[in-house]
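We just call them A, B, C and D in the order they show up, numbering each chain from 1.
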Amino acid sequence: MKSFSVRFRVSWVETDAAKVVHFSNYFRYFERAEEEFYNSLGMDFQSFSSYDIWFPRIEAFCRYLSPCRFNDLIEVTLWIDEIREKSIKYHFTINNLTSGKKAAEGHVVIVSANIREGQAVPLPREMVEKIKTFCNMNTGD
Amino acid sequence: MKSFSVRFRVSWVETDAAKVVHFSNYFRYFERAEEEFYNSLGMDFQSFSSYDIWFPRIEAFCRYLSPCRFNDLIEVTLWIDEIREKSIKYHFTINNLTSGKKAAEGHVVIVSANIREGQAVPLPREMVEKIKTFCNMNTGD
Amino acid sequence: MKSFSVRFRVSWVETDAAKVVHFSNYFRYFERAEEEFYNSLGMDFQSFSSYDIWFPRIEAFCRYLSPCRFNDLIEVTLWIDEIREKSIKYHFTINNLTSGKKAAEGHVVIVSANIREGQAVPLPREMVEKIKTFCNMNTGD
Amino acid sequence: MKSFSVRFRVSWVETDAAKVVHFSNYFRYFERAEEEFYNSLGMDFQSFSSYDIWFPRIEAFCRYLSPCRFNDLIEVTLWIDEIREKSIKYHFTINNLTSGKKAAEGHVVIVSANIREGQAVPLPREMVEKIKTFCNMNTGD
């Protein structure tokens, strides 16, 4: 299945007194990969924002396998587990390229919502089309 | 079953551009409740630290039910789901006392580990005793 | 001069791999004291928000004197250095009650701004009155 | 004078309920530029760590000029203001390439310290040499 990956280094502020990345920051890594995924698709956040659309999370899970430390180079990979009318389930893995170990895996379920009403609404058509095109591109992989 | 609760207000920095608490911060709220729970038991973090013991998370999950906003008063409640030789599973709920709604629920599994070796070790006896005393106190509840 | 203080414990997530509070978090401690100060005055954030008023910072400074560690009890104290038509300068000190040392001192300048226009506007009258009453209360101190 | 720049996008988690980057995060942007600067020089954090050397901040200042919003492309530029036996003063500017405006400027003073003793020590020779070479490279600029 088609996946999307980003790489970046662990910043000092992301570590804690055990000299490893704080567990809550893995969810921020997941989100950073998601943001770069949307940018790679050319999604227009401004237009979503002007329609008061935003993508809150309704579920988040992470299993921690091996620690990441300051300045480690990590790779976050994202897959689309499921795309429904109003929600998307993303699966993530984090590989620590410095240690050579899988650091974490997890998932996040996002919904499309109206920022004023707080109600779930269908995913923007543009978003669905771009994601489906992305997934089809991968059929040959 | 016996539970432990803490209350605090949502800080501005914990919100995001949707004017609600960022999803990753709920895990930090869980952890803050856990820290205050340990303090309430009189646990001696200094002695754990001197033995190089620390409590990494191996699993974290949250389901988001209703948003929390700046300055909302929230209550985080913790239950001990399971205590094993080397790990504890905590269950959490977050109630938004300002909106009157349940905001989130989730769980976290922590292990006792040696900070140098990174290996799981039995939970400190002092910690197990204090937690079991806490749980027994609740038998009448 | 009249001051306002809050106490709280250092959370694990606020530390970094040097086992001390990350320098950026002192600014969050300053802000938390400011938030609790406003709450102590009975300020109505909802009404400000409904007028699209908010208080961005135009300047922030901190001098670090002594580290804070996990679970240290700290006290953040706030003074009003200067109150002008559209801005307030707050001075802060952080005392580490666990180590018995002064941890940091600094200042922050906030302005009153319209959230849509991004323009500075006069401080809300209610806010100025409450703060002046607070300052006058202290004349006998 | 020779400068070093990095570019990255504003993440959602870095924004607050005013839909702009929270003021404390600018200090994290400064630090991220500093980290990438050290990596660009080929500095060996592992060896510093093995000598228990680390670089706490003793002073941090930021003036905020124009807001940064979600997904804005920003450029953080660093200059060496002063290098002394045990400390370095870095000057920073943040340009918002999306809005075309200067977003912030500030400075940070770091010291070289022994992580166990908490005492200032001379900057590692390797670090001083690499930074001086970097500064000299710029003499022709």
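To be clear about the criterion, a contact is a pair of C-beta atoms (placed from the backbone, for glycine too) under 8 Å apart; a residue touches a chain by one contact, two chains touch by 3 or more.
Note that the coordinates shown come from a computational prediction; the quantities given were computed from them, not determined experimentally.
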Pair sharing more residue contacts (C-beta pairs) when C-D is set against A-C: C-D
Chain centre separation (subunit B, subunit C; CA means) in Å: 27
Separation of mean Cα positions, subunit D and subunit C [Å, integer]: 25
Between subunit C and subunit A, distance of the C-alpha-averaged centres to the nearest whole Å: 34
Residues within subunit C bordering two or more other chains: 12-13, 19-20, 24, 28, 31, 70
Pairwise touch network: line, ring, star, complete, or other: complete
Contact footprint of subunit B on subunit A as seen in their complex: 18-20, 23-25, 27-28, 31, 54, 56-64, 67, 115, 118
Complex interface listing, subunit B residues touching subunit D: 12-13, 15-17, 19-20, 22, 24, 69-70
Subunit D contact footprint on subunit A (complex, rising order): 9, 11-13, 28, 31-32, 35-36, 39, 45, 70-71
